[in-house]
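Each of the two complexes below includes chain A, the first together with chain B, the second together with chain C.
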Partner chain A sequence: MTSATTAHSVVEPSATTRRFAGSLVVLYAVITMIPLVWIMLTAFKSPDDAISYPPKVMFKPSLEGFCNLFTTRSRQTPEFIRSLGPPQGLCDSIARSRNMVVAGPSNYVPRFVNSLIIAFGSTVLAVALGTLSAYGFSRFRVPLKDDLLFFILSTRMMPPIAVAIPIYLMYRTVGLSDTRLGMILLYTSVNVSLAVWLLKGFIDEIPREYEEAAMIDGYTRFQAFVKVVLPQATTGIAATAIFCLIFAWNEYAFAVLLTSGNAQTAPPFIPIIIGEGGQDWPAVAAGTTLFLVPIVVFTVLLRKHLLRGITFGAVRK
Partner chain B sequence: MNELSASSRITYRAVMVRPGVARRIRGLSDRTLAWLFITPTIVLLLAINIFPLLWTIYLSFTNYRANRANVPTIWLGADWYQSILTDPDIWAAMQVTAHFVIWTVVIETVIGFGLAFLIDKKFRGHGMWTTIILLPMMLSPAVVGNFWTFLYQPQIGLFNYVVAFFTGRDASSFQMLGDVRLSPWAIVIVDAWMWTPYVMLICLAGLRSIPDYIYEAAEVDRASKWRQFWSITLPMALPFIMLAVLFRGIENFKMFDMVNLLTGGGPGSTTEVASITLKRAAFESWRTGYSSAFAIILFVTVFGLANIYVKALNKVKSR
Partner chain C sequence: MAQIKVEALDKSFGTFHAVKSASFTVEDGQFLCLLGPSGCGKTTTLRMIAGLELPTAGTIRLDGEDVTMNRASARDIAFVFQLFALYPHMNVRRNIGFPLKCEGIGAAERDRRVVEAARILRISHLLDRSVSGLAGGDRQRVALGRAIVRKPKCFLMDEPLGALDTEMREAMIHELRALHDRLGATTVYVTHDQLEAMAMADRIAVMNNGVVEQVASPRDIYDRPASVFVADFIGSPPMNFLPFHGGLQTGAQAIRLGKRDVAIPAAREAMAECELVLGVRPEHVRFTDRGMVRGEVYGTEYLGTTQIVTVTTRYGTLKARSPSSTSFRTGENVGLDFRPDTLSIFDKASGRAIRTALHEGGAHG
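Presenting the complex of A and B:
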């Protein structure tokens, strides 16, 4: 028993090493989290607290940032404001304390909805196309298979601005400029390469004996794919879908160049939230926070598959 | 290699072992099904990637301007290519890009590998801390660039405050984004903050792929820890490190969103990386022909790098 322990302990780091390594990693994690935590704190600050010097860690929480994010306001004379009835809701009373009245909703909600529609639409399409192709590449002899797979991957390597020039012209010609459909198709084409590569890895891992057994039982190849392979690949499909979702959700270059109003998503919109006299930082921070929360949730869900996703399925462990 | 044996397995089964099965499969043949499954993806990519690419190639030989669609298009031959490759502004942009790519890759690799090495010691709670460290790379580069402009504000920004706190300088005495000497480093810092976890994650996979028995053998041979690191750990993790380096290299070569929001290429053109130059030419000056030629040059460069990347991928895969 002792010999087994020593043989093992040769490569096991000592308790001191572990504690030392652990504290360095924790230190890095804490430092790296500061910018994120700071932006989330700023979302709950009043505009004065947000730009105070020295920066305030302790402050009175305020929802003004969120109010400014969701509303547009107009400045009025105190006499006019006094002539109005009682304030309607929290945001109205905050606005009135600054001699303003709420004029209407801001564009944040429509942009956020665009982000949702475009991200989910392109994800569903990319994963559907990707699953079919991945199965094709995984199970059948396809001529020029390696070249096709490389071709699929290489489309993702193009610089987005280089792609955006002809897409801009093409969409202008066919009337897809600034439409959600245009953005969905574009994001699908970018994501499908990731979907094919990732899902091929997942499907390769499903033993083909399952399908063969099903086919002996009288299933056609297609039925075997739907009833045997797809259920087995659920985890892989879900992980791939989340990766596609995150890409489409985060994308900025195409969105800022190809959309202006109708189909604009949140990333190009958040930086242009401005208040009176420059950038309204609490509102920007509030918009950023709401935008980042889904990603944080997804990252935690995905943590087991992250490595696979970022290396196009090459590194699996 | 795997594919080869797999596909030969199909043939073997279909031809030799189960002719009965083959006869009983109704409906579509495998060949038809394979094409039905793969074609939609290829068609989409041809329509949204390849057709536009060919169009760009065509435009790069013309004087076309997207904001003056009615002006008759003149064929210019390779003029744009010649003027781009001899344009000092383009070479300045390439230098800015090189500075950005080299420094981010070096910093991210060193810190990323170091972190992976530490996490591989499997201290208590390493899983949770790893997930926390990974968060920045999942965020939108545009949103990250935008909120770092807030941190970089002179006087009110947290970054300036922290630097001032530790160096004793005045927090409003330097502008990370407005100073020609500091701004190239400002974008490097944000990129390193965001993408070090990426390199860390891949390096960690590399370290974990090294089997314990190799270290055990080294211990038996009384190799020092230092020697083990240089002779076992580093060489065996190298393919993974290369993978991370190449991927970061390609991604940062085409970097646009984060830099566009941090500095927009400024002050002057000190942070004008290639993608920003391209965007200015294509969507601000509307020199479509010229920018198409530049896009093709960038694309060929990335494509070359991607080729190496895929070879590296396959090398890692075969391990």
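Presenting the complex of A and C:
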């Protein structure tokens, strides 16, 4: 017998299959990454490079986009600019080269802070409420349990924007229009149904013996919930939190409709930049690039839980 | 350790009546098995003793104190679950120490008692291992460790050996019973496996459809079943039942089966003419040519030292245990005889055993 024969498994994918699958994954990753990479490149282009045709892949990096994002500028005569002292900082000198002076900070930072507060606030609230109600639905005999669960799910069956006008009118009446609290409540109510359903699945899979053992050992039900159930539900909670955060972070339509001067979030603000003094694509791209950072950081921090979380139910332990 | 007294315990889940007026007492230091088929209410009864379910009616006393509505944590009991319920995010040491931590016992004392419990269960070498890597038997020992570390009033165990393989189960049966004796514990143990119950219990409570059918020693349960259900559930193969029509006078020593008289233990109560059932264990069936029942051999099952011979008769199919040295041919015509002093008589309508001299030999008559 020659050494050419090799034992092979019938369930393990062959080397060819593996290579094929691997290249598909890489191809898909590249395709999805291209727009992101392009946005990041644009953020570092000068306005001229950004709109040049054919598009420039190689260019001289510039921070003009970021400067335009963080500042407001006013056009002045060259005489006036010359009468000023030396430029104050990088942005000032870039602005002066365009016959402009920095008039003050832009609204990007407050909008970004609004986004952070509203998105994380509503995520924390939705996950907390979701965990508690999912635990209740999972463990207790709730009257009309199935109907209630279906009702909770049914709130997701229509596009949220369908109720935009009623919510706009209600918010105006009760004074929640253009407030952070109003937006937190709104995103929480949209997300809580997702949170209940996702988390119920996770909590259902935690054997109730764990809590019962803890209760017999001397804990109250709430202590058992906190000390025994929560640690085992971290995977589910992390996955749910990411889904909730992504929704609240990216939400555009309600933010446009319900917020303006006070509680406006970053998504409706970023497109507004276009209008200020020509189509300032590098500034928009810079705003978008920075806007991606929190989600990326949050996802990377929780990625260990995420993979198991997203495939939950598919593979049982 | 303590006495457990369960009185007229009832539990309904909506329209489902899970436990119907269950009463029994577990004396201090006793090992009681709740035995029955799945869905008979044995686990629900145990969970009510533990405080994991609240009864619909009835009382539970621990050492005389009414704990019926007390929280589980206020009862000072230990519970061993079928799936062990070891906390996966803690190692063995912290799992065993967990009940002590709940009670707020200091780290030094806690560690001393964890080490002591581990020594008793011979798992000292595993203390710093993660529970997820343990074999079934070791997981069970850790679960037991968590139960014994606190020195509770009683141990409640819900099919703790159900998840183990046969070999490990055999070993754990003896270990559990030895542990019980060593700690002088009071134990209530739920199982559907009659061999486990027979091997371990001081007393067995047989349950069916939420009703406690009989509470007695394993010997009494086997020799003097209180009902058709108990006689049928216990024993492998189960008792043979021969239905007949007749009445009984107090003191009667025989019944009329077909055209023959069959000697029975003297009746201690009278029964008017009704449908009755004669019960006979397979090992009390003898083969004899002058037997009162004739039948045809249907088949044999070889079990090593004995064999089970299935015989078709006019009273139905009977199973007889006979030494495996005797040989039978399928279709062979045989005569059967019963050992008179071991026979049971049941009322067919209620399934209840009729009192006879048989019941006078036992501790619980």
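The criterion applied here is as follows: the second predicted complex is superposed on the first by the 261 of 317 C-alpha atoms of A that agree within 3 Å, B and C clash if a C-alpha of one lies under 4 Å from a C-alpha of the other, contacts with A are read in each partner's own complex, and residues count from 1 in each chain.
What we mean here is this: a contact is a pair of C-beta atoms (placed from the backbone, for glycine too) under 8 Å apart; a residue touches a chain by one contact, two chains touch by 3 or more.
Being a predicted model, the structure only gives us computed values, none of them experimental.
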item: Contacts of A:216 with chain B and chain C, given as first, second, both or neither; value: both
item: Partner chain(s) touched by A:37 [first = chain B, second = chain C, both, neither]; value: neither
item: Partner chain in contact with A:27 - chain B first, chain C second, else both or neither; value: neither
item: Contacts of A:207 with chain B and chain C, given as first, second, both or neither; value: second
item: Partner chain in contact with A:291 - chain B first, chain C second, else both or neither; value: first
item: Contacts of A:228 with chain B and chain C, given as first, second, both or neither; value: second
item: Of chain C and chain B, partner touching more chain A residues; value: B
item: Overlap of the chain B and chain C footprints on chain A, listed as residue numbers; value: 212, 215-216, 218, 220
item: Chain A-facing residues of chain B, complex; value: 2-3, 7, 10-11, 13, 18, 21, 24-28, 30-31, 33-38, 40-42, 44-45, 47-53, 55-56, 59, 66, 115, 118-119, 121-127, 129-143, 146-148, 150-151, 153, 155-158, 161, 171, 193, 197-198, 201-202, 204-205, 208-209, 212, 215-216, 219, 240, 243, 247, 250, 253-254, 256-257, 260-261, 274-275, 278-279, 282-283, 288, 291-292, 295-296, 298-299, 302-303, 305-306, 309-310, 313-314, 316-317
item: Sites on chain A touched by chain C in the complex; value: 207, 209-210, 212-220, 228, 231-232
item: Chain C - residues contacting chain A, complex; value: 50-52, 71-73, 75, 77-79, 81-85, 87-89, 98-99, 102-103, 146, 150
item: Residues of chain A defined as touching chain B within the complex; value: 7, 10-11, 13, 17-19, 21-22, 24-26, 28-29, 32-36, 38-39, 42, 50-55, 129-130, 132-133, 135-137, 139-142, 145-146, 148, 150-155, 157-170, 172, 185-186, 188-189, 192-193, 196, 204, 212, 215-216, 218, 220-222, 246, 249-253, 256-257, 267-268, 270-271, 279, 281, 284-285, 288, 291-292, 295-296, 298-300, 303, 306-307, 310-312, 314-315, 317
